[in-house]
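Each of the next two complexes has subunit A plus one other chain: subunit B in the first, subunit C in the second.
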Partner chain A sequence: MLLFAQFQLTVPVSVVFAKGALPGAQWRRLPFTDTQEEESLLNPKTSVTARYETTYRSATATEQAALAMATVQEADAELLPLQEDSVGALTVYVIPETSLLLPQGIGVYVGKHRSAVMRRTQGPGDVLAAISDRVRQIVQAMSFTTDSITTALSDRVPMDQLGTDTRRPFKSSLGYEITFSLLNPDPKSHDVHWDIEAAVNSYVQPFLDKLGSVANFSVDSQILYYAVLGVSPRFDKASSSFILSALSLPHVINPVEARLGSSATSLYPVLNFLLYVPERVHSPLYIQDKDGAAVGTNAFHSPRWGGIMVYNIDHPAPDKAPLPLRVDVDMVRVMEVFLAQLRLLFGISQVPLPEEFLLESPGNKGLTDWELDRLLWTRTVENIATVSTTLTSLAQLLDKIGNIVIKDDVASEVYHAVASAQTAMLELASGRLGSAFQASKEAVTSSERAFFDPSLLHLLYFPDDQKFAIYIPLFLPMAVPILLSLVKILREAKQSKKEPMKTD
Partner chain B sequence: MAGAVAAVLGLLLLLGSPGASTGPPRDSLREELLLSPLPSGDLAATFQFRARWDSELHREGVSHYRLFPKALGQLISKYLVRELHLSLTQGFWRTRTWGQPYLQAPAGAELWVWFQDSVTDVDKAWKELSNILSGIFCASLNFIDSTNTVTPTASFKPLGLANVTDHHLLRYAVLPREVVCTENLTPWKKLLPCGSKAGLAVLLKAERLFHSSYHSQAVHIRPICRDASCLSVSWELRQTLTVVFDTFSIGQGKRDWSLFKMFSRTITEACPLASESKIYVDISSKTQENELLEVTPLPLSVHEASVQGDRRTYAVYDLLSPSLFNVSRSLNVQLKWKRPQDSLDLSTPVLHAQRYVSGYGLQTGEISTLIYNTHPYRAFPVILLETVPWYLRLYVHTLVITTKGKENKPSYIHYQPAQDRRRPHLLEMLIQLPANSVTKITIQFERALLKWTEYTPDPNHGFYVSPSVLSALVPSVIAMKAEDAEQSPLFTSLFPSSDGSSYFVRLYTEPLLVNLPTPDFSMPYNVICLTCTVVAVCYGSFYNLLTRTFHVEEPSRGGLAKRLANIIRKVRGVPPL
Partner chain C sequence: MAAALPAPRWLPAAAALLWACCGLAATDGIQDQAEQFFRSGHTNNWAVLVCTSRFWFNYRHVANTLSVYRSVKRLGIPDSHIVLMLADDMACNPRNPKPATVFSHKNMELNVYGDDVEVDYRSYEVTVENFLRVLTGRIPPSTPRSKRLLSDDRSNILIYMTGHGGNGFLKFQDSEEITNVELADAFEQMWQKRRYNELLFIIDTCQGASMYERFYSPNIMALASSQVGEDSLSHQPDLGIGVHLMDRYTFYVLEFLEEIHPASQTNMNDLFQVCPRSLCVSTPGHRTDLFHRDPQNVLITDFFGSVRKVEITTQTVALDPNLVGLETRVPSDEMATEPLKYAEQLPVAQIIHQMVSTHTGT
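== the complex of A and B ==
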């Protein structure tokens, strides 16, 4: 299926040794470069080769000064301008065992940007060999692992086994529409207000700005009244609350979706985030997981669709407050959940790491530089795979219809798509992630434009088998005398064969 | 310097942000239902849902919707629409027997849009807009293309706030063939904030609405003044639905009606989101012919208004007033006629029109339009818009306008000839209608031959010609008070009224059905079959001739047939074979 079966991904890594992190004999060998490769086979035709180009060098004076700061966070901020500004390139600083930069019990610190600080581990023998495993671990956490690439390709490449988590992230697309909907099924008793505009500006927009290089985003919101969930919740006497069990969640979305409406003006996939304020007669409403425990956030997400959060309202004594009750939604609580779901749906999930790793929190941007890199690695590979499948199916279509007309502009789009995809592969192999991603994006745009060109609609072409049907009235009467005479000839031949036998 | 700019920006942001969150709700909803008995005895029910949004839709980044539907809001901001009017209609409003409509729509689908002057390619925006609307409303609006789109110069003026009257930004199209049914009503209902769950929309039950003589649903979007000073713009979305019930057939020969009889539902509550929710019942005849009818329950208030040159009295039920639902839990408005009325005097409306096709044969024909002015002493001008598809080739030199036997010269003519397969004929005229007169407009046409792929799936049904549009300022019979238009029910505020002495009317004539010369579509196949048979027969005999070996046959005793023939010959006395 795939045109490009061999992916080669090169990660430029520089390992910087602070003073005292290396014994004297090895210190003198610096700087030097080392390349390691790791190949994995996804299926018989597709393989992914990870190439780690590691440069070992000693710290410069400014870097040394930065690493001597009091806390590791300050050091991280100080080190940022010293790194070359290249998407996908990583820097690992190795500090001596005795350094007080890292807190006790922490071996590795992963910063907000594209760098990590690690403590030299105690061990006999070759120090370089000892740290190289640890460096590999850090680099994989900050760039990609075979698993993440496999997940990205799971849609495009036929594979044997698929985990449940692989289907969670949205497919790579050039843009996304994010829609926040407030569902108020009971406007008679609840007058719900949310300050979505401010919440989007302060929480979602910084995150999306950071992701701006990956795709275009548009955000909108709406309030839907009388929109109810598809299942009626079960009353739980013990807690005097209503329960929505995990089993019934799949049935919740469909009736709501009819009301949501798709985006009228763009073709990008829509991510829906729903805030559901349960009816007065059904509140409080809690979501229960498979084990019967209440879900802390009272929210769930549906892979490749979006997320739903249930927002319960405290009811004062029934006769005291006049209806409808005015409710102002606490947007901080809501946005925390929706941002976490958004990260999940984009496939920016936390990587399982050993305990001695310390991850810096992404801050108000909601996304660190290396997390963006992780996304770019997988998206680039996914885009290239998308281009290849799109072009393959286009080729199959053309094979099926012999007399289809390919216009010049379609042909040039196809050439451009192939060229861009090849550029992306080359750039990946040489470790330039940023330009590789841009090339892969261009390739996707061109291939889609070629594939969806209106002139390539197969219904426009007259099928060959029907042409045959039209000429049946001609062929059939003409065939009858020919067939009859063939039968006659055969019979005569048989007779003439038999007759000499008889005379014998 | 940069720091100062940043500080100013920060200050602006601080000033700007609290205004957005606090303050009065920036959108509002009003719902109204007008029930008016028609002169013919039928009953017209007109729903109107008005959503108003104090927001600049064209400003970048407005994307948070509450009562205004998101789908339409996105459409307006993306395609820079200034005004949008879409109507989907099943049936034809009979002006002669039903009186002047509040808001008439042509049979089928009608769409007219004013774009902002910042739109560079109006045709492209129009094409994309109609395609998206077709998706939203499940209608065949995607069949709108250059062959049925026109740009009228005088007939359609912006109804909202507008200082642009450059008609190049206007596009108008009618699809008379469009059939309106439930699938168009459902998306229309979905645009209402309360859906069909509460308020007046509860009555909108498809199986009753389409069991009627006339059904018309419309969407009007226009910018309006936010307040009296008119410094900023608000957007208004009017969703209207008019339905005419035949009360005779529903009420077994009686003209009494009730909400339950017509809609098989009653009203239990107002839409909680609406700031106004009212039912008006037209009881004008009650006051004129002393106590002919009675409405139950007793209306809370009575409203008098002069609508379309006539003084009208309405019984008003305000669904938001708590006393209404005190007595009973649901509201079922009923109207009873005290005396059986056999002949209601049909007061003919001041302006009405009819149109027909005449002529014989399939080559030429004539379109005739009759416009009636029944006003006893006032003459007034009317703008007539004719859109004729290209396959009817109009002969403009045959255009004849006669009133009372004399030729009537139009004071303005705009004619745009058709181009084959590219654009339709457009004829706009300003005609003066003398008092108490009938004006006849005739024009001859020739029918063109279409290519065989251009015929519609049912070509022998005929081809529709969209209705002609009459727009006029009709002088009113009575003196109308200049009153607060916002207070009057329904549509009085949609059309701008110039002064108290006249009112605006837009009328549509019947769509025409014209037969075009239609070929026999099975002919190609027949020809193929015939030629194939001929070729096959020729081939067969030729093949036989070529392949058979001929040899002389020895005369023999002959078979049974020969013997029989000889016996007969013997009987007849003829020598045997």
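== the complex of A and C ==
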């Protein structure tokens, strides 16, 4: 018995045609709505149906003016207020082949928000049929694909079908704790300062604010002195620098982790981002990948843990500068790497797209709206699947131990979880992603609270054979003389009844 | 039906192809070794180490647990990921002639108590109920983080139990016991909530193999120090301390683990060979039918150590520092703090002044 096994995910799409993008005959057909479904079966019991509700219409005058701007970035900014601002809904603008809005060689531009601009494909004939494939490709890149949903439902899929990408991102959780640590193993030589508060407020906080609907975040930072990496780097004569090879990287983290001490208080998963300033005698320190090439970012990350970046300092000639050398860390460079690692650890990975797609960079926010949507789609499905397995196993536990007592609050949590999950499924089917995600989050919270309630420990409920084992040795020895004396009383009673008859 | 191809024609071509493949495989072999990290599928390690007996003459059980704790810490698992449960305090026991030490080798060679032991459940907190609460996660909300097993679906967990046991049960604290059925049910509850990726269960008690007989959840590998009907024996007594210091099985496991370092490639088959009957007197047993991988491919460090998977970061996010100044910072509500100083505990000057003034007053 598996609840919530048939997922129906609806994506509302608007395809807007600019003037000249459609021949006259087809122009007159606008506006109209078309719905297409794509079903994939993950296992005999679980299926995912993707419904694309596409509305085709012509561009309004303001939209036309916006599409006539000089660059596509400006057009994107102008078009933003004209779109329906709901989570999960997408808009694709089709411009004629002759338009100069998109640069040469680029067929599709995916913006920072929830829209894309595509050039009408070449060739005569039914334009709508011709562009539908391209539109489907764009929509799938901006919402979800079968692969991403399969990853979210990884519990129900055999392990060998999953890629390594599934192990990297954190599981859906209600909150995360992010810790930035500066490691200074050589305070005698380096007096390192980093303006972490400003950097977090400028670069990290906007990213976290955008993800605010997904989870709660708490950020803290610390500086650790005399914290060394677990591995001594090799000296490479060719580049006269120190090298950390890729094979030694896994052993770097453990000795440091004991000193990080960040997990003392909260129960949420912790992401650690470490900035390591190498010692003077080990400078400069570079990370090499498997092929022996130097790594541009000089950083590496570990799935479900965090990331480490090595920050090299230029040392002037010894007699010119007194020790300790004052170092002000360039936080922009550091945050660029940390944000990239943060994105990877949340599962916001690059979608493989053909050459002619131009993806707008997310800018200082660190995350585009459609990337957030991708995250929300997978998280919602993952949450609902988790609720389903949790409640099913709770039901199995109750079947097994018949005399378990369910308290009222546990029961109400279970009802709430089921109701919220049903709401989430309905909202997903109607295409309202934002409310579907909120409902799924509530469902997960309730189901976890019900499952992990301390009163459900099966040790507290005695199985029948233990009850017999306890009471029989107590009562059986007592019962024997009682029974025998009862039998004796009955026999005497029978005798005394018989006697009056006997004397006669 | 199969056409008889002229053998000499395709044979060199096939041989060349095979050779080329072998050549590719050889260079890929090294890459495979490195990628082998990803085969186990775990991203973090946890350890739950339980010693269930109290009283001074059960010194060896505490020493067993502490030596596994020591190896696990040395190989990289941090204290925040270890739940250590010791039912009695041997190091500070009044009968310990060498206080603050717990030795594992006679002649007091190796002090497994060390300097930074972090015991999470101690003394009377080690009960069957608490142990099952730790495993299943049904912990009261007030429990601190160090007492919780916060594993996820990508955690490899090592569970080590030692104490006095019998056929199908393990005695806790001389007053209660945990049966193999309860243990198997607890593991099933863990599997239902995906609280582990793979689990290694080691038990060093008499008739230890009976404890893993009832497991039915996937991805569990179990080792025991003796079969049903056999007793696990202790190793050597130390005449100075006056008790047996270690159990045989754990003694040889500790010797085996001392050879392991975080990068070693030793696999589980070697651990199965530890302590043959000639050394251990009992027959150690193991159970791998529930485990989906071949023990040959399972590294010791998959469970005893904490070797992290690592990926090089190749991308960066493009940030524009110029845009930052445009956004106004929300003013943080800080109170201006003035430097504080302690109030004078005994205002001597004031008292003298008062005394003088009262004196002069009268």
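In this text, the second predicted complex is superposed on the first by the 435 of 504 C-alpha atoms of A that agree within 3 Å, B and C clash if a C-alpha of one lies under 4 Å from a C-alpha of the other, contacts with A are read in each partner's own complex, and residues count from 1 in each chain.
The rule is simple: a contact is a pair of C-beta atoms (placed from the backbone, for glycine too) under 8 Å apart; a residue touches a chain by one contact, two chains touch by 3 or more.
Since the structure is predicted, the reported quantities are computational estimates derived from the model, not experimental observations.
Enquirer: So, A:G363: does it touch subunit B (first), subunit C (second), both, or neither?
Expert: The answer is second: A:G363 touches subunit C but not subunit B.
Enquirer: For A:Q222, select first, second, both or neither according to whether it touches subunit B, subunit C, the two together, or no partner.
Expert: After superposition on chain A, A:Q222 lies in contact with subunit B alone.
Enquirer: Applying the touch criterion given at the start, work out whether A:S302 contacts subunit B, subunit C, both or neither, answering first, second, both or neither.
Expert: second
Enquirer: For A:P454, select first, second, both or neither according to whether it touches subunit B, subunit C, the two together, or no partner.
Expert: A:P454 contacts subunit C only, not subunit B.
Enquirer: Quick check for you: in the superposed arrangement, does A:A429 touch first (subunit B), second (subunit C), both or neither?
Expert: neither
Enquirer: Looking at the overlay, what does A:A130 touch: subunit B (first), subunit C (second), both, or neither?
Expert: neither
Enquirer: Looking at the overlay, does A:L80 come into contact with subunit B only (first), subunit C only (second), both, or neither?
Expert: In the superposition, A:L80 contacts neither subunit B nor subunit C.
Enquirer: Comparing subunit B against subunit C, which has contacts with more of the residues in subunit A?
Expert: Ranking subunit B and subunit C by residues of subunit A touched puts C first.
Enquirer: Output the subunit A positions appearing in both contact lists, the one against subunit B and the one against subunit C.
Expert: After superposing on chain A, subunit A residues 263-265 contact both subunit B and subunit C.
Enquirer: Inside the complex, what are the residues of subunit C that reach subunit A?
Expert: Its residues touching subunit A are 31, 34, 37-38, 41, 43-44, 76-80, 128-129, 132-133, 136-140, 145-146, 148, 150, 152-154, 182, 185, 189, 192-194, 262-263, 292, 306-321, 323-324, 327, 329.
Enquirer: Per the contact definition, I'd like the list of subunit A residues that touch subunit C in the complex.
Expert: Residue list for subunit A touching subunit C: 155, 159, 164, 167-168, 171, 201-203, 246-247, 249-251, 253-255, 257-258, 263-267, 269, 287, 289-290, 295-297, 299-305, 307, 309, 332, 335-337, 339-341, 343-344, 350, 361-364, 366, 389-390, 393, 396-397, 400, 451-460.
Enquirer: Within the complex, which stretch of subunit A touches subunit B?
Expert: Residues of subunit A touching subunit B: 179, 187-188, 195-198, 218-223, 225-226, 259, 261, 263-265, 324, 470-471, 473-474, 476-478, 480-482, 485.
Enquirer: Can you tell me which positions in subunit B touch subunit A when the two form their complex?
Expert: 17, 20-21, 63-67, 69-71, 74-75, 78-79, 132, 135-136, 190, 193-195, 197-198, 269, 272-273, 525, 528-529, 531-533, 535-537, 539-540, 543-544, 547
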